[in-house]
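One structure is given below, represented as C-alpha cells, and several questions about it will come after.
When the chains are written out, they are named A, B and C in that same order, and each has its own residue count from 1.
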Amino acid sequence: MAKRGWDEFEIGAMLRSFDGVSNDIATTLQEDRNYSQSNSFVASVADWRIAKPVFNKDFCIDCQFCWIYCPDMSIIARDKKMIGVDMDHCKGCGICVEVCPTNPKSLLMFPEQADEEAELSQWPAKDKETK
Amino acid sequence: MAFDKMELRDIEVWDGNFAAAQALRQCQIDVVAAYPITPSTPIVEGYAKFLADGYVEGEFVMVESEHAAMSGCIGAAAAGGRVATATSSQGFALMVETLYQASGMRLPIVLNVVNRALAAPLNVNGDHSDMYLGRDSGWIQLDAYCPQDAYDLNFIAFKVSEDHEVRLPCMVHQDGFMTSHTAQGVKTLTDDQGYGFVGEYKPMNDMLDFEHPVTHGVQTEEDWHFEHKARQHNDLMTKVFPKIEAAFDAFEKLSGRKYNIVEKYDMDDADVSVVCMGTSVETAREVATEMRAKGIKAGVVGLRVIRPFPFMQIQEVLKDVKAIAVLDRSSPNGAPGMLFNEIAGCLFNTDTKALLSGYVYGLGGRDLTKKHLVDLFTELQANVDAGKILTPLQQFIGVRGPKLSFL
Amino acid sequence: MSEMKKIKNLKEFSTSADRFEGANLLCPGCAHSIIVREVLNATNDDLVLSASTGCLEVCTAVYPYTSWDASWIHIGFENGSTAVAGAEAMYKALKNKGRLKQPDRNPKFVSFAGDGASYDIGFQWISGCMERGHNIMHVVLDNEVYANTGGQRSSSTPIGSSATTAPAGRVSYGEKRNKKDMVSIMASHHIPYAAQVAPNKWKDMVKKIQHGFSVDGPVFINAVSPCTTEWKFDPKDTMMITDLATDSLVFPLYEIIDGHELNITYRPKNVVPVEEYLAAQGRFKHLFKDEYKYLIKEWQERVDANWAYLNRREEARV
C-alpha cells in the first residue's frame, strides 16, 4: 500500500477487512469475498519460502489433514477436495507434508526454484518399509 | 424505553459528584465500567443506583481495577455506544496506559476526573497532580469550578467527544472534595432537555456492525506511527475548539448558562491578573473584586479547556495585562510549573511586557485562602509599580517552614 | 441460541471459509494460527475478537494490513479479555435498548492471549472477567514463554526449560519452578466451562470450543501452542511435537464443567515417555547431560502424578 500522508487515512489507524457490505463471511469462500486493500489476503509472503510444497493429486485421498494443520490458510479445499496450495500465503513450513498420510506422500517439499512439472514426473514410488 | 424519567426541581442541592452522576443518567450512558476510588466513587455509585432504581438502562461493569475500567470502556466504546466512567488520583495513574490507547483509537469516552493528589505520601484530598498527569494523553480536558459546571460540562463533553469530526475522548475535571463533596445549588435540565442536547449516540467504526468488520488497535512502526500521531494532534488543534464553541453556544441557548474556552473575570482593563484552574478561580474572583475596591485593577483568568491548550485565546486575554501570576496546584518537581510554562509559552514572541511570576499552592488539599490571594495581588501590583519582578519567579503559598521560593 | 455448526468429520470441516487470513507475519510452522483457525471455524456466527499484545497480535494487525475477517480489537498486553468483556457489555446494553444494527445475530466474543498475557500480566483482568460472568471465551495460546519478546520465562514456563531470563548454564538447568495450573485456577471461579485443548486433536478441540460457545457465561480455554522458535524444533515438526505433548500426557486434554465436574477427554492408546517429548526440543537439550538426568525422571514422575490426580478427580465426580 502506498505510503500515504497524515491527512489521507481513517482516524484511529482503523482498518476494514472488506470493501462495502459483507454478510455471511463465515460461509463465503475467499474467491467470493470483496477484500479491502488492507486485508493481508491481498499481500504475499511467497518470498519467505526457501522450500515449497508440491501437490500430487494422484495420491491424495482428500483426508484434509493438510487443510486443518496448515498455519497459513494455504491449503485450498473446495467441496471436501484438496485442490492445491495457495502459493501467495504459503511460508514453506512443511507441516502439510509431515501430516500427509498417503504412501507415497501427496505433498512433498522441494527447493523454491524447483520445476514443478519435473518433480511431479519423478515422484517417489510407494515406500515399502513403512506401511 | 424500559426506564422512568426523573422529575427534578429547577434548582437541586447537589455536590459535584452527584451532579456528574445525574448528567450521566440524563445522557443515558450505555456502558459504565468503573472502579471505586476516593473522591470520585459517588459518581459511579450514583449511576449504579439510578440503574438499580430503573432511571436509566445500560450495563454497569464493576471491574477489578481502574486499568480494567478504562480497558472495558475502550472495548465498549469500540463496540459502538455511549461510555463513561470516573476516577481520581492513583486510579487515574493506573489508567494512564489505557488513556493513550483510548485517544489513539479515537474513541469518544467521557472520564470524570475528581482531582486528587498523587502519593507518596498518600493523600485523598484535592490538588491537580492527576489532572496534570493526563495532559499529554491526547484527551480533551474540561475543567469545572463548581458542581454546576461539573453537571453542565458532562453534556458538553459528550456533545463534542462523540462528534464524528472529533472522536476524541474527554475528561471533565472537578476538584476533589472542594467541588465533589460540596453541595451547592445546581440548576437542572429536564431529562428530555439533557438527552435532547447530547442526542442519540451515532456509531462510527463500531465492532458490533457485523456487516462492516473493523480492526481496532493496530501496530504502526516508524513508517506509519508518526503520521497517525500527527493526525490526532492536528484534530486536537484544529477541530476541537470550533466544536466546543458551538456546543457552548447551543448550551447557552438551552440553559442560559454561558461557558467560554477561557473564562475572563474583570479582565477588560486589568493591570494585574491571576491565571488558575478549578475552585481557585471562584476564590480569586471574589478577591479580585475586593482588590478593585482598594484601587488595584485586578482580574482573573480561568482555564475552562486545558487540552487542547487555548494558546491564542490566552494571548488575547493577557495582551494588555502588566503583571500576571500563574497558579500551579501540583508539585512542579524540578520545573517552574506546567501552567506557568504554558502561559510563558503563550506570551513569548508577543509584544507583551507583562511581568510573569508563578505560585505553587494547595498541594494535598491545603486551602488557598482569600488572604493568600490578597497578598498575591498586592505583590503583583508592587511589581507593576516597580516595573520589574520584585520576588523570585517561583514561590510557594501556604506551606509551613521558612519561605520557599526559587528562580 | 443459534444453531451449532455441524462438523461431523474433517472433510465436512474443510468446507469452512476461514475468517483468519494468510500473509500474516507469524513464523512458518506457528501453532497459534492453527489454534485460531480451529476456534474461529467452530462457528458460523459473527465474531467479536480481541488479542492481547503478543505474537498473534503483532503478526496479524501491522498497519496497513489486518488478517482478521471479523471485528477485532487490541488494546494492550494485559487487557484483551476486558476489551472483549466491554464489547460484550455494550452488546447486552444495545440489545436491551433495541439499538443493534443487526439484532438477529448471535455474536461470539473471544479473546486470544499468550501465556505471558494470561498467566502473568493479564491474570487479574482475566480473573475479573471470569468472576463477573461475561459471556466471553478466553483462549490462551500457551507456548510457555514470552516468545514475542524473544524467549523470556513466564509463569507457564516448565521446570528445566531454558529461557533467556532463566537460562541453562554452567551451574543452572534453567527454569526452576513448575508451571502454574491455570485451568484449575480459572475453573475455581466456578465458570461454566474450562478446558485444555491441543490443535492436533482437532475434533476434541472443536467439540470443546463449540461447548464453550453454547454455554452462558465465561469460558476459559488453555491451548498448547508449540513454538518452533523458542522450543527450538524444525517448523515442519509442529504437529509431531503437539502429538508428543498430548500423548506423553505433559498436556493432558480435559475439561472442567461448572468448576467441579472434570472429564478427561483424550486417553492416548500408547502413552509416550516424557523423555521423548523433552528430547525433541532444543529448550530441554541440556537436561540430557548426566548431571541433569534426574530431572527427566522427576519430569516423568510429575506427569504421572498429575495424570493420576486428573483420573481421581474424574472418578470422584467432584
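Throughout what follows, contacts are C-beta pairs under 8 Å (C-beta built on N, C-alpha and C of every residue); 3 or more make two chains touch, one makes a residue touch a chain.
Only a predicted model underlies this, so the values are computations on that prediction, with no experimental measurement involved.
Trainee: More C-beta pairs touching across which pair, A-B or A-C?
Mentor: Higher contact count goes to A-C.
Trainee: In terms of Cα-based centroids, which chain occupies the most central position?
Mentor: C
Trainee: With chain centres defined as C-alpha means, what is the inter-centre distance between chain B and chain C in Å?
Mentor: Each chain reduced to its C-alpha mean, chain B and chain C end up 43 Å apart.
Trainee: Suppose each chain is reduced to the average of its Cα coordinates; what separation in Å results between chain A and chain B?
Mentor: About 53 Å, centre to centre.
Trainee: Approximately how many whole Å separate the CA-defined centres of chain A and chain C?
Mentor: Measuring from centre to centre gives 24 Å for this pair.
Trainee: Among all residues of chain A, which ones touch two or more of the remaining chains?
Mentor: 9, 13, 15, 17-18, 25, 38
Trainee: Which residue numbers or ranges of chain C touch two or more of the other chains?
Mentor: Expected reply: 46, 61, 63-64, 66, 68-70.
Trainee: Please list all residues of chain B that touch 2 or more other chains.
Mentor: Those would be 105, 210-211, 213-218, 220, 224, 228.
Trainee: Residues of chain A touching chain C in their complex?
Mentor: Answer in residue numbers: 1, 9, 13, 15, 17-18, 24-30, 33, 37-45, 48, 62-65, 67-74, 77, 79-80, 82, 86, 88-95, 97-99, 109.
Trainee: Under the stated contact criterion, what part of chain A meets chain B in this complex?
Mentor: Going through chain A, the ones touching chain B are 3-7, 9-18, 21-23, 25, 38.
Trainee: Taking the touch rule as given, give the residues of chain B at its contact with chain C in the complex, in rising order.
Mentor: So the residues of chain B in touch with chain C come to 1-2, 30-31, 33, 57-59, 61-65, 67-68, 71-81, 83, 97-98, 101, 105, 203, 206-211, 213-221, 224, 228.
Trainee: Quick one: in the complex, what on chain C touches chain A?
Mentor: 10-34, 37-38, 43-46, 60-61, 63-70, 199-200, 202, 228, 234-240
Trainee: Spell out the part of chain C that touches chain B in their complex, as residue ranges.
Mentor: Touching chain B from chain C are residues 46, 48, 50, 57-58, 61-64, 66, 68-76, 78-79, 82-94, 96-97, 99-102, 105, 107, 124-125, 127-128, 131-132.
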